[in-house]
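Written out below as structure tokens is the structure these notes cover.
Letters A, B and C name the chains as they come in the text, with residue numbers starting at 1 for each one.
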Amino acid sequence: MSGPLLLQSLILGLLLGGLYALLAAGLTLYFGVMRVVMIAHSAFLILAAYLAWFFTAQTGLDPLLSLVITVPLFFAAGYGMQRALLSRLRPATLTMMSVLLTFAIALIIEGGLGYLFSGTQRRIQLGYSSASLELWGARIAVVKLVAFGLAAVSLLALYLLLKKTRFGQALRATIQHREAAQLLGIDTDRIAGFGFGLGLATAAVGGTALALDATIYPSLHWHWIGPLMAIIVIGGLGSIPGAAIAAILLGVTQSLLQIPMGTTWAQTVFYLALFATLMFRPQGFFGGRLAQRF
Amino acid sequence: MSSDPIKHSLATQNLTKAFGGVRAVDNATVSFHEGKINALIGPNGSGKTTFFNCVTGMIRPDSGTVTYQGRDVTGHAPHRIARAGLGRSFQLCRIFPRMTVLDNVLAGVRSTGLVHRLRGAHNPDDIARARELLARVGIEHLERSEARDISYGQQKLLELAGVLMAEPDTIMLDEPAGGVNPALIGRIATLVRELNAEGRTFVIVEHNMELVMSLSDHVVVFDRGRPIASGAPADVQNDPRVLEAYLGV
Amino acid sequence: MLSASRHKTATHQEGRTSSGRSVLVAKLVAAAVALGLVLAFPALAPDPFILSVGVVIASYAALAVAWNFVGGMTGYISLGHAAYSGLGGYGTALLVTEAGVNPWVSMIVAAVLVGVAAVPIGIASLRVRGASFVIVSIALVLILLLVAQSWSDVTGGSNGLRVPRPFGTDVLRPEQHERFFYLFVALTLVALVLWWVIDRSRLGTGLKAIREDEDKAQALGVPTFAYKLVVFVVSAFMTAMAGGMYALWFGSLDPIFQFSILTGSYLVLMSLLGGVRSLLGPVVGAVIVGYAVEFFKTQYGDTQLHLVALGLLLALVVLFMPDGVIPWVTAQFDRFRPGDTSIREVDAAQLAEERKALEEAKS
């Protein structure tokens, strides 16, 4: 394998991993605040990607501008979804029933997208679509850098929000120990709603980043949900830094394996890693004790 | 008090469990007297429930050991510890809400091997024993109700009957009198005394001091995750460290 | 007798035993009539198409009951049971085509292999609580789809894999449908008997306890992990049997349909709608949902709306009748029945009577 090619895969892997980290952050948040495996997360990613594509196709403006609309919209949708739907489920069966409910939402989104936009594959046409940079012989597409930048900025914002604000503190307290947080006077139900909103807001950003450099179609979310769920399990359910580390590692591994194995087989690395994690370290590798009982 | 040599069937060595920064159980070395009614008291949040969870295998301790009847059971799965003869109830009472009262008790049946386990759950032997226990705690007339439909006090009694079905030698009760009316507290106390007279060891977490003092033979006081005093009820009651822990000076 | 008397009919002492008995008789009669109707279906079906729809529904019934070994007994929801039916199908097909094994033997061998493969999968996904189980169940279908599509030397990829018919070419289409209809019904019955045996056993009580409160069950001494693993493997095996039978009937396999999340979610919807806690719930659900799915396909073809409909239905069931239609309907009836309190007290005389019956049973 040639040096530049290896370097190129490494860089692409890092960029991809950064994007994965953003896409998985939402899943970690939902699990953290409510112990919910949110199957519809990737469907919302694709929804955001479609909205970005539609926005650009209609207005001719840059798809990133669509975030001004989609981020608040998704935040509200997440808050509403938690308060109106998920909080109605009985605590005893919450984990399982929430999976089904969010699965149902994923189907509705997929079906709705297919109905409105047909199953045709779509792609955003950008002025800089085919531009790329050369770095020591490695070619890196500009759109990938933009997507990574978007992921980095949003993850940094998320980090600051969680660490530096009162809301973030309340959210982290809720994630760690809900009852204890309640004793501290935190309205954990509202916080859980906001946590969901925040999670879906990351889906808006992630979906837009995804749309920059991917061909999209309604059933694409199935392609994403598996790897993303693998990431959060490997990172340790409920741990955002854990998921980010796992995302980067898996992104790089996948990218490196693509050279000898091809894209399809390289995908299986997620599933193998997921399986190995559950076999040997069910609580995940980087994260939290939260996962022990889930 | 008899003058038998005191035996310790259940003991912990340097048991520690932290949640994030909070050391809920902190280097606790405790032993309980076999065949006696032991009480574990301490202010709220002093780690009593977490201690129970570590001992019964519900939580894996970060370090330290738990020994039961001379065997190291640290980190064993809860069902193995239960089968070794250590039964427990839960704070706030846990029953199977959507099973009948009778089935709740039958869930405690100890069975081994596939053939044994494929035997009908409603066989005459098991049912007879379950009814006996329900009668013993005084709720046999409710056997067909779903457990979620009976009162909280009755649920506590049901939980005890289920624990007894598993034939434990040692029973750990987490706040048995919490949220229960005085008449029922009396009934629970009588039951505990009777079961103890039959040879069962008890470890009871309880906030009702009157009950603790009248019921227990041996008291261990917890504060911030570790024992700060232990001894006969009367001695412990007058221990200045205990008063300090409770008054939070 | 005892199980019959456990059914609701509460407080009135005299009425109870006799009405318990009459409920049992009514149930048996209803079951016999239903079974008779099912068995007469091929003769009543107006054309081969309807008959083939019947076969599809019967296969769904077998799959849904198989699913319910895990779903109903432990409360662990698997969205990926298509993995086991798909593996059963491909295993059967490959054993027939590549190794020349007798089709029915192939079906059983493939199902056994799937059961064996389910052990490590179960170990990985059942040791910790529900969330990982769901994640693995979905991941498994996705990875198998990926593999089956890429590994086209073996699976035929999206060109499909042809499975020779087990009954020879002289047996015509309608006759094939009829035979497979009965075969699926028989498989469903076997699954139901097995489900019933486990459900009423001590194992079953332990499993129900797990469904209600896993920590508590463990604290009572129930070896929760082993129990879950047993029914999980049984479920995978029965699902693979149904999948293998489907392969033999349908005659051609395509990864997209074999390893489909949608198929898995149909099974969940069927069981949930019918009621996961009851023996016949999944069968009832399979008839309703299976019919609806086939109807939708013929009416609206392959539009995306069927996804929306499926999603809405699933959401409604989860939100408003998570126990299924059968319990929901019974509950509606109960609300209007006078004098039936939810607390079922039994009085002393009644207990004495039962004690006597028990003593007699023992001796």
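Please note the rule applied: contacts are C-beta pairs under 8 Å (C-beta built on N, C-alpha and C of every residue); 3 or more make two chains touch, one makes a residue touch a chain.
On a predicted model such as this, the values are computed, not experimentally measured, just so you know.
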{"item": "Central subunit by CA centre of mass proxy", "value": "C"}
{"item": "Between B-C and A-B, the pair joined by more C-beta contacts", "value": "B-C"}
{"item": "Chain A-chain C separation of Cα centroids, rounded to whole Å", "value": "34"}
{"item": "Separation of chain A from chain B, taking each centre as the mean of its C-alpha atoms, in whole Å", "value": "44"}
{"item": "Distance between the centres, which are taken as Cα means, of chain C and chain B, whole angstrom", "value": "39"}
{"item": "For chain B, residues that touch 2 or more chains besides their own", "value": "97"}
{"item": "Where chain A touches two or more other chains, by residue", "value": "92, 292"}
{"item": "Multi-partner residues of chain C (each touching 2 or more other chains)", "value": "212-213"}
{"item": "Touching residues on chain A, where the partner in the complex is chain B", "value": "92, 176-177, 289, 292"}
{"item": "Partner chain C, residues of chain B touching it in the complex", "value": "56-58, 77-79, 82-83, 87-88, 90, 94-100, 103, 106-111, 116-122, 124-128, 131, 140-146, 149-150, 162-163, 165-166"}
{"item": "Contact footprint of chain C on chain A as seen in their complex", "value": "31, 35, 37, 39, 85, 88-90, 92-93, 95-97, 99-101, 103-108, 110-115, 119, 218, 222-223, 225-226, 229-230, 233, 237, 264-265, 267-268, 270-271, 274-275, 278-279, 282-283, 291-294"}
{"item": "Footprint of chain A on chain B - complex, ascending", "value": "19-20, 60, 97"}
{"item": "Chain A-facing residues of chain C, complex", "value": "75-77, 79, 120, 123-125, 127-132, 134-136, 138-140, 142-143, 146-147, 149-150, 212-213, 261, 265, 268, 272, 303-312, 314-315, 318-319, 322"}
